[in-house]
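Below: one structure, written as structure tokens.
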Amino acid sequence: MPSDALPATSPAHPPGAFDRGLLAPVAVGHDDLVSDDAVLAALVRAELGLVRAWEALGAVPTEAAEAIAAAWSADAAPEHAAPLTIEVASLAAAAVGGGNPVIALVSLLKQALAPADRAWVHRGATSQDILDTALMLVSRQAVDAVLADLAETEAALAAFAREHRDVVAAGRTLAQQAVPTTVGRRAGGWLGGIRRARIRLQQLALPAQLGGAAGTRASFHELGGPAAAELPARYAEELGLDDAGAVWHTSRWPVTELADALAQTTDALGKLAGDVVTLSRTEIAELSAGPGGGSSAMPQKSNPVAAVLIRSAALRAPQLAATLHLCAALAEDERPAGAWHAEWPTLRELVRITLGASAHAARLASVLRVDREAVARNLALTNGLILAERLSLRLTPLIGAERVAALVAEAASGADVAALLAALPEADGLDIPSLLEPANYTGDAAAVVDRVTGVEPS
Amino acid sequence: MPSDALPATSPAHPPGAFDRGLLAPVAVGHDDLVSDDAVLAALVRAELGLVRAWEALGAVPTEAAEAIAAAWSADAAPEHAAPLTIEVASLAAAAVGGGNPVIALVSLLKQALAPADRAWVHRGATSQDILDTALMLVSRQAVDAVLADLAETEAALAAFAREHRDVVAAGRTLAQQAVPTTVGRRAGGWLGGIRRARIRLQQLALPAQLGGAAGTRASFHELGGPAAAELPARYAEELGLDDAGAVWHTSRWPVTELADALAQTTDALGKLAGDVVTLSRTEIAELSAGPGGGSSAMPQKSNPVAAVLIRSAALRAPQLAATLHLCAALAEDERPAGAWHAEWPTLRELVRITLGASAHAARLASVLRVDREAVARNLALTNGLILAERLSLRLTPLIGAERVAALVAEAASGADVAALLAALPEADGLDIPSLLEPANYTGDAAAVVDRVTGVEPS
Amino acid sequence: MPSDALPATSPAHPPGAFDRGLLAPVAVGHDDLVSDDAVLAALVRAELGLVRAWEALGAVPTEAAEAIAAAWSADAAPEHAAPLTIEVASLAAAAVGGGNPVIALVSLLKQALAPADRAWVHRGATSQDILDTALMLVSRQAVDAVLADLAETEAALAAFAREHRDVVAAGRTLAQQAVPTTVGRRAGGWLGGIRRARIRLQQLALPAQLGGAAGTRASFHELGGPAAAELPARYAEELGLDDAGAVWHTSRWPVTELADALAQTTDALGKLAGDVVTLSRTEIAELSAGPGGGSSAMPQKSNPVAAVLIRSAALRAPQLAATLHLCAALAEDERPAGAWHAEWPTLRELVRITLGASAHAARLASVLRVDREAVARNLALTNGLILAERLSLRLTPLIGAERVAALVAEAASGADVAALLAALPEADGLDIPSLLEPANYTGDAAAVVDRVTGVEPS
Amino acid sequence: MPSDALPATSPAHPPGAFDRGLLAPVAVGHDDLVSDDAVLAALVRAELGLVRAWEALGAVPTEAAEAIAAAWSADAAPEHAAPLTIEVASLAAAAVGGGNPVIALVSLLKQALAPADRAWVHRGATSQDILDTALMLVSRQAVDAVLADLAETEAALAAFAREHRDVVAAGRTLAQQAVPTTVGRRAGGWLGGIRRARIRLQQLALPAQLGGAAGTRASFHELGGPAAAELPARYAEELGLDDAGAVWHTSRWPVTELADALAQTTDALGKLAGDVVTLSRTEIAELSAGPGGGSSAMPQKSNPVAAVLIRSAALRAPQLAATLHLCAALAEDERPAGAWHAEWPTLRELVRITLGASAHAARLASVLRVDREAVARNLALTNGLILAERLSLRLTPLIGAERVAALVAEAASGADVAALLAALPEADGLDIPSLLEPANYTGDAAAVVDRVTGVEPS
């Protein structure tokens, strides 16, 4: 039946809408900050910031700057110009011819102004100045949102770690039970990784860009004379961005350092999510993440959807960051032929999925529940052999490594460890129940929890 | 001035529109086939296809199938049900809870039907069946469009290669002039790479998916009995997709083989675009790609925008394909917890940029122009040393390798090669003008052009 | 104690030995085919093949060709020349100056010959001809070895699938138990993915390269006249490689198609290994892979080492393949400045880890053991709710979706499903024990096993 | 002739030598720090450091520690034990069974000791402690070497920038000449990017690892009591590594932060190398990098080999870093099953190629030469249109944008710009020669050079 008519979808959307999140549920609901609308708003803000920076140097009349700000504001409808209503899809289409949307945007922005004010727009700038700056504006807001989500996640995980500080659980390496740990200690590890990523994000420089056509700022100097040397700092200040102290047209560390910090964030969240997925497996069942996602086929299932979506982000972020590094390495000449263009959608997608992952993580951390009975059941699964390392450390000096190995093998075949120990003449003085108590073999687990949750100074 | 109001953007767009192409000009204008609307339409088609496949087995009444098809068609407004108008953004939002959009979609699709018909919907299927199938439907259409663009590109490049079959030009290796080639031969290389990619795309299997909850098709057998064995083939047939002969829930070769072929396509187009960018450099100027993109700052520039945008796609595609391979490698259990979800936006973006790259390539190939004067000027730049290899081959038997090296060094310092040769007693019988004619040292360049352009059988 | 003297390591190794596998245990024992020695041997074979191809055209005297072959063979020590003993480390060092090892190698190869025979060496060739051809020779042997390993793996998995054809097990999606499947069906999925990858590998074209300095073959035509047109085919034939029908200096599909097939192989093996790791978890314990790796700390552990190492390869392969695609996309001019050089170690590493992964997989598949008791125990964990989908399909027509959901919820809270069903008046005619028998809800699992293991034609 | 005997290669190499750099010339000569020998030495140092750390706590007798250090040092041959000679290839082979080389190494290390001293070896440690620590030791030394190379590169580039501070050159965007810049300014950009990367490398924390089997350090506490809390800090101190303050078994930021900084380094060096390759093109010829690499076929060529090899590293590094991020994201449980193992060869290769790239860059920067004549020739190529932006800024207020565009178009068609300007009545007061002097339109180029080269404070 390939000839069946295609179904109706809403006629409300504009032509050219690529993506409203249907295929990236991780990012839905957290994307306002990086949507095309947000980018457009940032582009206009970048242009307005330039007007204001020139104004601050006395090179644009304040009345003109005010009129421009008013004309470009949402409810502006000055009599002498059409109200500014920019259709993103049309602008996107116009961007194809020039390779970027700025040329067409400047034209639209000028049309919204009185003729006399138009000369103050885009003064000395090149497209890259505006686009790079806009992407940093968008990133600034998104990173702030990620930071807020991470702070919330950390708080929830800290509470979780404290609550389960002393719940002894099986530690696992290479997917096999290894030695005991605690639920709190595991959460402390999640917390540490997320905190490190947050610090990286906090330390980021997100600079404005103002280099002119080839990074020499000649146009600004041509128009502004010596005072133009102040323009970049004023520009950054106007926009609440950092002043990199240098043009970064083809020195793309602001993009790659951002990408690295975002990937570090999804790494840390991915580790959390991966453990949640594993520990909520039907057969392990130590963790649950609240009422999960349903299934179209299996009514009993409660899928760990938030963790699954976070993982989907964590699997994608590294390769997106790699593309950004490649673009940095290939930033030839004074502006590269393709490597710059490949950055925009890649950076935006990386920001978007990090935003989604952090938002999901905040919720996930707040609903994590421990089934202590399951934890205890799993801990007991090996009939005491989860303490084999401890036994080995204690018994080897007494009976030698070979006999320890034999004893462990016997226990692995089903023998009772306590009985085997009791039968050892050399182990006469051992407090066997204490030795076989997993809670007595958790090292500094509690201390780590105290430290990372601030009970002791970190 | 961080407090300036954000500018108005069009109020027409729905909330939740991530992306209308503002940051990916390579894809604008070629994206209808992979937009969220297209995906939604494909999801509905996948659901309708299942109804039709069951109908073909006699398990769904034809009247019901017809009613469903009618209700889901664009202008359907049956009295007993609300007309089907699905808002993508809402559906995307609903997808977050379940992790994918199918659960919410099925509910909406049922609401559009008379109660009695609802039981025929999504019969035995799991979300993955529908989503995988829909992505293959979207890919099928997009790959067909790419194939058409590639055919057009090949035709234009073949005409170009024939036109410039015998235009001798400098061949370059490691960015240095090396030996002569021809403009036609270089185009023949582009053509060969693109053709190989096209063949890979043509050979792809893009299968429907119908495995049920865990790939056993138990639900279909439960509902359809032994006849259900026929269902997958019928389903594929209904939808114009291939029948993989097996469930591929966690055996993701249909996705990775598609990804590989798409990356091979952007590789081949990226090679073309890279050469166009290089050869249209101001200092080389052998090629131009018609009136190019303007600049917001430099009115004289004519940027090779199409080539630049193709390159931007070629730099991104490999890492997107890598993510898809990773997802395939990590397809644990009977459906993975994140690796499946990471595929959707990644595959879609890879398809989208390939579509954009191939459309740009078709146009680029049709407007490529050669400046034969520049070609000749560049060929003459080394004062004959572009033929040093030939001289070496001819002279070494006569005067030995050392004296050849000395002669080449002398020529590299500015001496006239013809004069140096004329002064060589051992070179007495050589036809020096013929020896120094680059056109006489182009090997099988013309034959290759004839072969790849079909003058001789390939 | 940073001043402690470094430990002694064996003095036997030559200076410059990067890597003997200490950090890549996956590849140890399977690397002879791709070691530097193997590459060196292939480089010499590529040079010798060229001599032989010219000889076949009558352009090199047979006596000279024989003398060359003899001089370059392992035990050659002709009186007129030094025996051929090439020190890889020295050759590698010499490669730095020229950017590749061929220039230095040709010089060494000539030194091993009588002066009169030296002119027949490297006749018309460029470094890339020899290096590309050598990498294809190495790949050819390695791919053959991978194919043998895959055949062995498939045979073992087929036997495993047949043996456990009817062992009903829990199927899992998003890490949660979903519906039943069988151990055999799961193995059938592994088998299908591996078989597909094998077919891709079998279909590969691994061509010789013979293009001359810039792909025009001008040097060969200069030296050989019209007969040179036959040279590429003869060359390929001499070496047991494919004839691509075209130069691929900057059309790198032979490399990327190989990379894609290798990544598809590690994907398929990674899926197998991932499932083995999961299913051998202490808490799941359905599978074991024979006596596993020990631990330096935990004497009781038996780690699934082969699966772990295969996974390590599967996590790396996609990004290596991505680099190769990038190099293909960036193959500018008639030979690129860096993209070609980045291919060599990347391709070799990808070949190496695939070789390692396939060898481990063959062993892993041969030692896989099922703990049927654990399989049954896990299947029973949900107290029958693993059949919730089936109940829903059967009961919804009888009691409606809402009451089904309520019943499932009651069962999930601990109620006995059979009792709940028995209490349903509408379910009067149901054969409850049969309905709740997981073996009755495995769809076409057995048929799939029969088909993929050849009991029925695939 | 496929049956020709394989050539002899040196019999001196040990079996199992994967790689001596034949296929990675970028890294040859700079690899001693990361070779398997270096890794082995670091593994032993990590074990010895643990002995020393325990000794510092009073838990190992000083005599024993001294005896161990002596036994493991290069020329040790204590009577009571075999001298320590570890064959890397054998150790690598032994690593396959356990999945890592530490278990076998510990056994060998103990054999070299008197029986009474053996108990002090590997005390409380798990394999991961030793391997992670060893990789950080190797990285520490390699990063120091990279830092030295970068410092040298920066010094050479600073001298280069100062020397060519005022050499006006064509700036290029999207491969087209755009506006003037200076040779010094371009070098200032390279310098800025490299300096930023160096700072990232300097700020890295490269911590020792000491977590025990599952990160709880239970074994150390078991053996050392409360004093064991001091062990990690002592351990780091002994080895000259950082103390991370926390176990990082599955919180892999030390690896990814290192990877990010390394990729940032190859990005910055790749940008330099890419510009060198472009600017030394035969047709551009503004730069040369000293006597370059030869060609096996073309005697006249002087290839920019160092730049080419650096680029080969820059194309590979991002994907290697991506793999490390993936491994971090997939660090499940208390030690992951594959993700940890995938890190080792990937990190080592990334370190290795960065080391090679930085060494090549130091040399490249020291031999860079400018052909000022070529620079001037290229600058003049557009007949003054490289100043079109300046003309537009100056003339638009006088004659309007339309007439400016017409004038530029006329000039682009060959008209003399000065004459066109002279003919403009509105341009009466302009100092046309000054306006058309490229040196007058270089903005803050000189100031940037002064700042980045320290003439003014940065």
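Chains here go by letter, A, B, C and D, matching the order in which they are written, and residues are numbered from 1 within each.
In this text, a residue touches a chain if its C-beta (ideal position, glycine included) is under 8 Å from a C-beta of that chain, and two chains touch if they have at least 3 such contacts.
What you see is a predicted model; the values in this text were computed from it and never measured.
Asker: Report the chain whose CA-based centre is farthest from the CA-based centre of chain C.
Answerer: Here the answer is chain A, farthest from chain C.
Asker: Counting C-beta pairs in contact, which chain pair has more, B-D or C-D?
Answerer: Looking at B-D and C-D side by side, C-D shows more C-beta contacts.
Asker: As a quick test, compute the distance in whole Å between the mean CA positions of chain B and chain C.
Answerer: About 25 Å, centre to centre.
Asker: Centre to centre, by mean C-alpha position, how many angstrom separate chain B and chain D?
Answerer: Their C-alpha centroids are separated by 33 Å.
Asker: Indicate the whole-number Å distance between the mean C-alpha point of chain C and the mean C-alpha point of chain D.
Answerer: 29
Asker: Please list all residues of chain D that touch 2 or more other chains.
Answerer: 99, 172-175, 178-179, 212-213, 219, 277-278, 293, 295, 297-298, 303-305, 308, 311, 314-315, 319, 322-323, 326, 330, 337, 389
Asker: Note which residues of chain C are touching chain A in the complex, please.
Answerer: The contact residues of chain C facing chain A are 170, 172-179, 277-278, 280-284, 293, 295, 297-305, 308, 319, 322, 326, 378, 381-382, 385, 388-389, 392, 404-405, 408, 411-412.
Asker: Along chain D, where are the residues that touch chain C in the complex?
Answerer: Listed in rising order, the residues of chain D that touch chain C are 1-2, 4-14, 16-29, 31, 34-37, 39-41, 44-45, 48-49, 52, 69, 72-76, 83-89, 91-93, 95-103, 106, 122, 125-127, 212-213, 219, 238-240, 273, 277, 293-298, 303-305, 307-316, 319-320, 322-323, 326-327, 330, 337-339, 341-342, 344-346, 348-349, 352.
Asker: Within the complex, which stretch of chain A touches chain D?
Answerer: 99, 119, 124, 171-175, 178-182, 185-186, 189, 192-193, 196-197, 200, 212-223, 229, 245-247, 250-253, 256-257, 260, 263-264, 266-268, 270-271, 274-275, 278, 311, 314-315, 317-319, 321-326, 328-337, 389-390, 393-394, 396-397, 441-445, 447-448, 452, 458
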